[in-house]
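The structure's right below; bear with me while I get my questions together.
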Amino acid sequence: MIELKGVRKRYRGRYVLNGLSFTADKGNITCLIGMNGAGKSTVMKAIMGLVPVKEGQILVDGKPRGRWIYEKISFVPDHLTMPLSMKMSEGLTFMADFYASWNAERAAELMRFFRLEPSEKIGNLSKGTAAKYNLVLGLAPNSDYVLMDEPFSGIDLFSREMIADVFSSELIEERGVLLTTHEIGEVEHLIDKAVILQDGKAEMEFDCETMRSEEGKSIVDVMREVYSR
Amino acid sequence: MKRYLLSMALGVFAVGSIGAYYASGTEGDAPRYKLTTLQGDAGEAAKMRLSGSYIGGVGSKMLELTVDGTKYQLTHSFYEKYLKDNRYLTSRYEDMKALKREHRDFMRARNNVDSFYKDSEWLIYADVMLYGPRGVYDWRTELKMDVLEEATGRVNKIRIALNVAKQVSWLRVEDVQRVGDEVHVLSQVRYRTGPTADGPSAVEFREYIVDLRTGELLREAVLVSEELAVSDSAGTGGALAAQSVTNEISLSSISSEVRSQPSEYVVLATSKNQQSVNEENREEIKQTRRFAVFSYRTGKLTPLPEPSPGLSAYSNIQSELNGELFTILYSDRGSLAIARYNVATGTQEQSELVLTAEQLGGQSIYNVSVAQNRVYVLLTAGTLNKTRISDGRQLVAVVLDAGSGEQLYKGEAAYDGPAEKADEFRKNLWLTNVNADRS
Amino acid sequence: MRNYLKLLHMEIHRFRYILFALMGMTALVQMCAIAFNAMGEINERNVYFEQTGRAPEEFFAAMSYTRAVQETQFWFAVPVGLSIAVLVIYAFLIWYRDWFGRSTFAYRLLSLPSERRNIYFAKLTAILTFVFVLIGFQLLLMPIGRAIFAMIAPAHQLQPSYIADAIFANQAFKILLPRSFAEFFVNYGLGVISLLVLFASILLERSYRWLGIVYGLAYAGFCALLMVYPMLALGLDYSTGYFYTEEAYAIQMAIDALIVVSSVWLGLYLLKKKVSV
């Protein structure tokens, strides 16, 4: 379980995260929802230790985060993070070099699934192909959790369908997924838990299934309620 | 591992090439020379240092040649070249180095070798300082004396404001000696006698006598005083212009060789240079030197007998005071002369010794040096009737006894390497100076 | 250790084309300069012979590689200066290229399971490797130049040259390739210290952005002042300073060590705890 407790982070004078607390369980797909600039990406980066945090705790499986989480959590960012001059195959070799949890067979399988050409230079990829490559890098390792930052943004319809397929496959089944997205409609049927961010705090944290069956509300309904308050 | 070939190759290349360069020696073309003994005792040449340059194809490289071999200055680091010798006092003089080891703090910031006095009980450093100016002619002078008592290690810092009535422009401590409880500080003072800075001035040897224990100034004495004439300008022409005379007077002291041991005497020298333009409009320089012995104990200044007139023609003069013997060495290209005096009696020890270059075994005397009763001579031999100076020229070093003039050692600078190259390299060696280590 | 070496290899690998380009350019410019110089001299001699009918050896001194190096100083210095400029720029870029541009490799580097200090030392060692490879290559070019010179110059007019003397004939090499290894160590040691201070300043900027630039400049300025303090204040350059030479030298070295330790510590600390993407 990934747990945030009272996390505060300043950025340019204001508190982007102001006492944020929520949990994302293993086996669940949790979605962070919020307006632009609400701090969703910042949460991801904070969990990954890519930005320092002013106050609060970030716990993974009960222990405070540290270097050790990198074998347990994979990150799929919303833009390219490999050197543009590298070929995709070299990128895979890079990951294999450093991660004990890297699974080369699964990586090869994913490359085939997404129909990616390994000898292609990363700098030459289109946006959709790049997003798929990021997914390969994020899903190939034997990690317990996967963080995805805007996995669908700016992707064409067919690529989006491919990516959505991945969510329902066994690649995701036993892992904990934390993702952020604008396209609620696309993924609503996939999400187990939703966390709505407002003013740097978790305004609402709920199980989607329960919300639908007990109160008959979809996630979008809840969102409307929260933002009109 | 094969992937990393590039990085490994680059790393090995970098380390290897730089290592090879520095390991193989960076002196380049720097042949080695040696001093071969032709006659006499090589031990006499142990302290001798010959310096000059090797002039090969690429320019000149300075070197130093001793009985131990050749040393080039090429591979000195920046530190060795510019910084190491800035405290030259404690890095060049052996007795100063020993003092530094014994009294590290006392020796800090000392820069005048002549300001020291040492015997078994006391170590004294005396300096005269010029401060100022507040007004244009208000230069404060102060005598600073640090007295270290060897037995207790205590340092007494004495500061005396000197009342120099005249306008001092320059002063320097020449020697420090102790007689009983009195410390004698011999200094040279230069001051203006007129109202303006360019006007007439005078130079003096003055003695300040300070009580060792109380630190009070007991008395002062002027030993030698000379007026420095203002140079008469050539002016507007006429009869006066035909003979313009400039006088230069300089004073120097020759104190005992071993500066950190007591000595009763010091020799004071007055040298007058008269530059005149004679009737044929050519410049003539007449130089006269007079010596006098001063005894700290008696306070008497005794002039030494005038040197023979022939000696004033020599262009080069060096001298040394060693115990009671005062040696003057005159030299020029063709010959050298040695005059010795006993300072206790004020008389000349023996008649002057004149040795020509031929008598020494060569043609032309390049450089001489006198140290510790020895005279060191660098001369060339074998160059008569040759088209180029370097053909057949031998560089010879000779060590003489300063008293008898006897040749104690004669050596030649030769190439230290394969015989077939010896002649070629001999021509490229240009030695210019001889010096001796003073311990 | 293995991770450090892997990262080092990656940094070297990324830069290899630029490195080879610098080496190639240096070789081309310098060797051509030597060749043109040799041919020019031969031409002069031929002209003399045609005009006077006398053998050139009577008037001209023998041709020497050392003199050729001395005469082509400007052309030798151009690629050296360019290489230095490129390396200085890359000392900045080796960090900033991972943050700016279409791809932010910093995300990957900072989430590697290995210690972040391996990143720091890999980038540091990479820069040093480039510097010493170029120096070594320059050393290699000297005997090659001598061989080229010997091929062009007629044998009877050629005077042998020592490589060390030829190197010293160039003013720039007096600093870059000094004759004394102690001096080499000091010169490049100062360069390494500057690099460490630079890295600390860059990481200050990457951690605190705009304020970080101020911190970075302040830190660099402070270190620079501290470095020159012994020379200025302790009177090392004149004879009556209070400290003996070896004492002032020891103080200077202690200050240098202090700056090294603090810069490395600061850089590692920032990279581990404060840097952000």
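A few remarks follow.
We just call them A, B and C in the order they show up, numbering each chain from 1.
We take it that contacts are C-beta pairs under 8 Å (C-beta built on N, C-alpha and C of every residue); 3 or more make two chains touch, one makes a residue touch a chain.
Worth saying up front: this structure is predicted, and the values here are computed from it rather than measured.
Because contacts link the chains only in sequence, without closing, their graph is best described as a line. Of all chains present, the one whose mean CA position sits nearest the global mean of protein CA atoms is C. Taking B-C and A-C together, the pair of chains sharing more C-beta contacts is B-C. The centroid of the Cα atoms in subunit A and the matching centroid in subunit B are 84 Å apart.
Averaging C-alpha coordinates per chain places the centre of subunit A 45 Å away from that of subunit C. The residues of subunit A never reach two or more other chains; the list is empty.
Those residues of subunit A whose C-beta lies close enough to touch subunit C in the complex are 45, 48-52, 67-68, 70-71, 75, 77, 79-85, 94, 97-100, 122-123.
The residues of subunit C lying in touch with subunit B in their complex are 5, 8-9, 12-13, 16, 19, 62, 64, 66-67, 129, 132-133, 135-137, 139-140, 159-169, 177-184, 186, 236-245, 249. Listed in rising order, the residues of subunit B touching subunit C in the complex are 3-4, 6-7, 10-11, 13-18, 20-22, 25-29, 57-58, 74-80, 82-84, 86-91, 100, 108-111. Interface of subunit C with subunit A (complex): residues 3, 6, 10, 14, 101-108, 110-116, 207, 273-277.
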